[in-house]
Amino acid sequence: MTVADTPDTSSAKTPKPATAAPSAKTVPLKERLLRTPVALPLMTFLLLLILWEAGTRIFAVPSYILPSPSRILFGFEAVPAGRWVEHIWATLRVALLGYLVSFVVSLPIAVGLAKSRLLSGALYPLLVVIQSVPVVAVAPIIIVVLGTGDAPRVVITFMISFFPLVVSMTTGLAATPPELIELSRSLRAPSFREITQIRLPYATPYIFSGMKISITLAVIGAVVSEFVAAEKGIGYFIQFSTSMFKLPQAWAGLVILVAMSLLLFQIVSQTQRIFFPWSLPKGQK
Amino acid sequence: MALAGNAINFSGVGQTFLTGTGSLTALDGVSVTIAQHEFVAVLGPSGCGKSTLLRLTAGLMKPSTGSVSVFGLSVTQPRDDVGIVFQKPTLLPWANVEDNVVFPARHKLGRVTPEDRAQAQAIIETVGLAGFEKRLPSELSGGMQQRVGIARALFLNPDILLMDEPFSALDALTRDMMGFELLRLWQASPKTVLFITHSIPEAALLADRVLVLSERPGRVIADLPVPTSRPRDETSLGTPEMQDYAAHLRSLLIRKEAA
Amino acid sequence: SAADLVTYQLDWLPGGDKAPIYVCVQEGFCQEAGLEIKIEPGRGSSEAITKLATGTSDIGSAGLGALMAARATEGVPATAVMSIFNMGPHAFYTTADTGITSIKDVKGKKIATSPFTSSNVFLPLVLADNGISEDDITLTKSDPGALGPLLMTGQSDAIIAWLTDVSRYTGQAKEAGKEIVILPWADAGLELYSAALVASDTFLSERPEVAKRFVAAFKKSLEFAYENPDKAAAAVAAMVPELSAEDVKGSWLDASKLAFNEVTETYGLGALDADRLQATWERVAASQDLDPASLQPEDVVDRSFMPASE
Amino acid sequence: MTVADTPDTSSAKTPKPATAAPSAKTVPLKERLLRTPVALPLMTFLLLLILWEAGTRIFAVPSYILPSPSRILFGFEAVPAGRWVEHIWATLRVALLGYLVSFVVSLPIAVGLAKSRLLSGALYPLLVVIQSVPVVAVAPIIIVVLGTGDAPRVVITFMISFFPLVVSMTTGLAATPPELIELSRSLRAPSFREITQIRLPYATPYIFSGMKISITLAVIGAVVSEFVAAEKGIGYFIQFSTSMFKLPQAWAGLVILVAMSLLLFQIVSQTQRIFFPWSLPKGQK
Amino acid sequence: MALAGNAINFSGVGQTFLTGTGSLTALDGVSVTIAQHEFVAVLGPSGCGKSTLLRLTAGLMKPSTGSVSVFGLSVTQPRDDVGIVFQKPTLLPWANVEDNVVFPARHKLGRVTPEDRAQAQAIIETVGLAGFEKRLPSELSGGMQQRVGIARALFLNPDILLMDEPFSALDALTRDMMGFELLRLWQASPKTVLFITHSIPEAALLADRVLVLSERPGRVIADLPVPTSRPRDETSLGTPEMQDYAAHLRSLLIRKEAA
C-alpha cells in the first residue's frame, strides 16, 4: 500500500478542517489568489493579449482580418469619449431592460410549468417556438407593431434571453424535496407561499445558473436588436464600423462589448456569492 | 388524564402504490380508533407502512380503500391542528435554526411576530439547542437537525402530533431527555400523539397504547394498552409487569418474522 | 486543357441585379473563354472585399466606394478592373399620397432607412446639395425588411432604398393600394460609380491571362443580359431555385438601367472615367470622414484587363 | 375548519397512490391527454393557427407584414421539395455537428471548472468572452481561417450553443452530495470514475436542462452561421426570401425551422424521459 | 479471539472547524489504541465529534492536531482495507439495490464480475433484502436504504469496518437481527470494527470495548471493556454484571449533562 507524503491534496470537496486554526491568517499565496476574483482572469487576459500582439506581428496578419491589440487601442480614439458613453448606455439600457422583462416574464411561466403538467404540455412547445424564431424573420412585424424606439429592441432582447431562465427555473422549481412540499401542504399554506418560501429558494442554484446564461444572452440580444433597428449602441457601432472598413474601431467596440458582458456576468455571480451563499456548492463559499 | 371523544379513526384503511415494476400494498385493512389526548405508539418492521399510516392521517395522501377521519370528519386534506415530525429532518437549508422553527408561522400566516420568536426560543431551549439559534442546518450534526424538526412541529402547538421516528437519530441521552420532555409537554398541554418508533422501550415508556403492525402489507396484529400508570420514569421499565409487556411486544415482532 | 477555375464573389445574395455572371455561365460565355465559375454569395461590399483581399475569392462585384474606403483605411490588396453600375443606386421611395415629388420636399418628413446601407453615408451630401440639413428630417433606421411595411402603413413618409428594388416596392404598393414615387439621388446631382468588378491582387498578378479572359466574358454577358432580359432571367432562375424568372426579370430591368444609361453612352460600357472616379472618391471621403489626400483614386483601378473596345 | 369535498387536488407533487389499483386501466381522459406528448401541443397550435388566420383576415393584415397561414402554405410551393430537403439537411447537419462539438468540448471544461477553482477563475471569463462576442464581428476571421465548408458554420454554432451546457454541467457536477464524494475517496477510485460514475450521473438533471437550452441554440447557431456565410440552409433561405420581399416563402422557412427546433427539443426531452427517468423530478416520470 | 497487534491508533487527536461565525472544536486530545480484530463501540452525545473521529480514521480528513495511524502507518489518505457505513444511506439514486451493493467494485476497479454479483447476492440476503435486488432506492423505506448501505460496506470484505450509527434507522427487530448478523460476520471473517451508536444496549451487546466521549469538544471520558465473554445473545444483557455495566455507561453520559 502506498501512502502519499503530501496528504489530502484532493480535499477541496470535503469541508475544510481548520488545520491551523490559531494562525489562520497566514493563508498561502495560492489561496489568496483564488479568493481575489479579479487577479487570475486578469492574468489570463494579459497573457492572451501578449500572445495576440506577438502573433499578429510575427505572422504579419493584415489588420482587416485581425488587428493587433495595439492597433485596437488606437480604435478607441476614433470616437470621442462622450459618444462611447452614449453607445454603451444605449446597449446597456436595452440589455438590462430586456433581462428584466425576461426575468419578470419567466418567473410566472416557470411556476406554471412546474406546477401544472397541462400548462407544461401546452406552453413548452410555444416557448421553444419563440426561442427558435430567428429575429430577422420577424423583425418587420416587431418594428411595424412597436415602432422604432427602445420597445422593439427590448422585445428582441427578451426573445433571445428568456429561454434559459424559463428552463432553469422550471427545473429548479421541480427539484424541491417532496418532504418540504408535504410540510407546506400539511400547513395548508397558500400556494404562492409554497412557491416563494420553499420552491423558489430551493431553485436558487438553478435560477442563478440560468441567470448567468441569460445575462450574456441579453447583451447579445441587445446587439442583435441593434443590427435590426438602431442608430446607436455598441452593436450598431461595430456593424457600422465594419461596413466602413474601420476595423480597429470595430474591434474596440467588440472589446467594450465583451467587457460589458464580463462585468454583468460578474455582477450576477457576485450577487449569488454575497446574498445567497448557501446556494453555492460546497467549497465555493 | 381524561380521554374525551375520538381524535383519529381508521376504518378498513388500505394503501396500494403503483411502482415501476407493478403494484405494492403497503397497508391493508387497518381499523383503529385513537381517543382524544391519547398517546399511541406504532411499532412494526421496516417498510411495513408506518410512515404511510402517518401520511394518511395527516391528509397528505388518500387511502386506496377505507377511510380516515379526524375529530369525526373524513380526512380529505391537511388540517390546521396537526403537527408533523418527518422521518428525515427536512429543514430549509438557507434558514438558521430559529427561522426554521418559526417557519410554520411565516409559511402559514406570512408573518412572524415577536411572540412567535419568544415561543420559538422557548421550544429551542426545550429541545436542547439553546445557543445554536443562528446556525445553519449544514453546521449541525444529524441529531441536532432532527431536534430542529421536532421544535418546528411543536411550534404551532397542535392538537394532534404525528411523529415519524423522531428520536431515531438522537443519542441515548438526548433521546431519553426528549422523551420525558415530550411527556411533560403532552401533560402540560394535552395532545393526541401518534408516535412511530422502532424502539420497544421507547414505545412502552411514552405511550398509552402500542399498535404493532405486521410485515408488509401492514395490518394491525396487536393493540395493547401499556400496563403501567403515569407518571413514569426510568424505573418504570424495570417493573416485572413492564418487562413482560416489552417481551410480549418483542415476541409479536419476532413471531411475524418466523411466519 | 481543363478550364480555369474562377471563384466569383457576389456582394450580396443572388438576385436579378447579379444576372450577368449567371448569363456568363448559362449562356456559355465563360465556358467559351475556358473558364469554370464558382459563384459565392456575399453579405455586403465590405465582406466581399475582405474575401477578395484574402484570396478566398478571385473576382467579384463590390461597391467602388467601399473599395476606396477599404484601400484608404486598410490598404487592402484588391483592385477594380471594370465598372458595372456607373450610377449610384440610391433613391428615396415614397408614395403618391405623401405629396413628395422632389428631393427638396423631404424636408421635415419622417424617413426610414436600413441601418448599414451605404446610402446612409451619402444622405447628408444629397440633403446638403438640396439645401436641407440633417436636422430637418426625422431619420429612423430599421431592418430592410421593415422599410416597405413602414412606408405602406404610413409610419414613414419616405424610405431610402436602391433602384434595383423598384419592381418589388411597386408590388408591395400595389398590394397596399398605393402608388410608388421614386426620387433617384443621381438625378439630384449625386454622380458616382457604384458596383464594380473588383479582383484580388493575387489573382491579377498570378493569373493575369485568366483575369483578362474573365473580364471579357463578363462584359459580353452584361451586354447579352441587357439585350435579352428574358434569357438573363432564365439564367438566374436556372441556377437559383428559390427565384422565379418573373421576379428576376423585374429586378434585372431595374438594375440594368444603372449599367446602361447616358453615362454609358458617353464613356462606354464598363469604363472607369478618371474624373468620375475622382468625383466618387471626393464624395466617399467627404461622407466617411476620410482625408481626401489619403488615396489617389487612380490607384484603385486597373484598366488593363478590359478588352480593347471593338 | 373547511374540509373540501374534492380531496387532494393538488397532490401532483406527492407520490401518486394507486387510488383504484384493480381498475387501473380506466385512466381518466385528462390523464390520458397529459400522457400523450403530442396531442396537447398540437391542439394549442391549431388554436393559434385559427386565431392567426382569422386575425390576418379580419384586420386585413398585408402579407408583407404578416402573411396568413394559408398564404404561408403557398410559400412552400415556391421551391421544389428536393430543394427543401437540401436546405433542411444543410441546417440540420450543421446544428447537430455544432451541438455535438459543444457537448464534447463542454464536458471536459465543466469537469475542470467543477474540480479546480484555479482553472475556474482563469477559464470562466474566457468562456463568457467567447459567448458574448457577436458572430458578425468575428465571422471574417473564422471564414478566412476555416474556409467556406461546413467548418466555419459548425464553429459558429458551437460558439452560440456551448455556454449553457458548460454552465449547467458545472453547476450539476458541483451539486453532488459530499457524502458520495467521500465514498469515492474512501474507495480510492481513480478520479475519472468519480466523475463518470458519481458526479456525471448526479448532474444529469442539470445537464439535460442545459441540453434542452442548447439544442434550440444550436439550431439558432446554424441559422446565424447561414446568415453570415452559406449558400444553402433554412436560415439562408429565410434571409434570401426576406431580402427578395417574399414573406410567405420566408415564413414557410420559418415554420420548418420552428418544427425542426421543436422536434430536436422533443428528442432531447424524450431521451431523458426514456433513458434517465430517475433524473426527472417526481411526478413527471 | 486472538488480538494481534494494533489496528488503529489515535494520539492526541484534535479537530477544529472554521464555521461562518468563528471556529468550533469538535474533538480534543483523543488518544486511543484499538487492537486488531477488536470491536470498539463509541458512545457520546449528539454533536460531540463521533462522525468526525470516524472520518479521521477513514483518511477523509486530516486532524488539526495529533495523528491517526492504521496498522502502524500514519493515515494521510483513504485506504483500501477500510469499509465505511455512513450515517446517511448515501445511495446512488439511479442504481438498483444490487448495483449499489456492487458499486465499490465498479467504482474502484471499473468492472463487475459474476463472482461480484454472487457475492452481492449473498450479502443482500444477509441484510434481509432478498427480492429487492432490482428496486431503486426511492422505492425503499428509510430502513431498507440503510441496509443497502451496510451491504455495500461489507461487499469488499474490508479489514477495518467503520460504522456510523448504522442501525439507527432500523426497526427493533431488524436491528437486533442485523447486530447478531454483524457479530456472526465479524467472527467468521475477523475485522476490526469501529462502531458508533447512540444505543447503550447495542454497544454493550456488540462491542469488546466501549469508548464514551464527552460533550463537544469530544474527549474520551471512559474506555471500558465489556465484562461479558462471547458468544453473547439476548439474554446476555440480562445478567447483573451487564446491567451494572449499562448503568455505568448511562451515568457517564448523564454526568456530563450535569457538568
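Miscellaneous remarks
Letters A, B, C, D and E mark the chains in the order given here, with residues in each chain numbered from 1 onward.
Note that contacts are C-beta pairs under 8 Å (C-beta built on N, C-alpha and C of every residue); 3 or more make two chains touch, one makes a residue touch a chain.
Bear in mind that the values here come from a model prediction, so they are computed numbers and not experimental data.
Between chain C and chain D, the least number of touching-chain steps is 1. More C-beta pairs touch across the A-D interface than across any other pair of chains.
A straight line joining the Cα centres of chain B and chain E is 27 Å long.
Distance between chain centres (mean CA atoms), chain B to chain D: 46 Å. Per-chain CA centroids place chain A at a distance of 41 Å from chain C. Residue positions of chain A with contacts to 2 or more other chains are 14-15, 64-65, 136, 140, 144, 182, 185, 227, 239, 242. For chain E, the set of residues that touch two or more other chains comprises 60, 77, 79-80, 88, 136.
Residues of chain C found to touch two or more other chains are 50, 54, 145, 148-149, 153. Chain contact summary for the complex, chain E toward chain D: residues 55, 58-60, 77-80, 82, 84, 86, 88, 90, 92-94, 103-104, 106-108, 110, 136, 138.
Those residues of chain D whose C-beta lies close enough to touch chain C in the complex are 62-65, 78-80, 83, 139-140, 143-144, 147-148, 227-231, 236-237, 239-247, 249. The residues of chain D lying in touch with chain A in their complex are 10, 12-15, 30, 33-34, 37, 40-41, 43-45, 48, 64-66, 115-118, 121-126, 128-129, 131-134, 136-138, 140-141, 144, 163-164, 167-168, 171, 174-175, 178, 181-182, 185, 191, 205-206, 209, 212-213, 216, 219-220, 223-224, 227, 235, 238-239, 242, 247, 250-251, 253-254, 257-258, 260-262, 265, 281-284.
Only residues 12-15, 40-41, 43, 47, 50-51, 54, 56, 144-145, 148-149, 152-153, 165, 168, 171-172, 175-176, 241-244, 247 of chain C touch chain D when the two sit together in their complex. For chain A in complex with chain B, the residues that touch the partner chain are 177, 179-180, 182-190, 193, 197-198, 201, 204, 276, 278-279.
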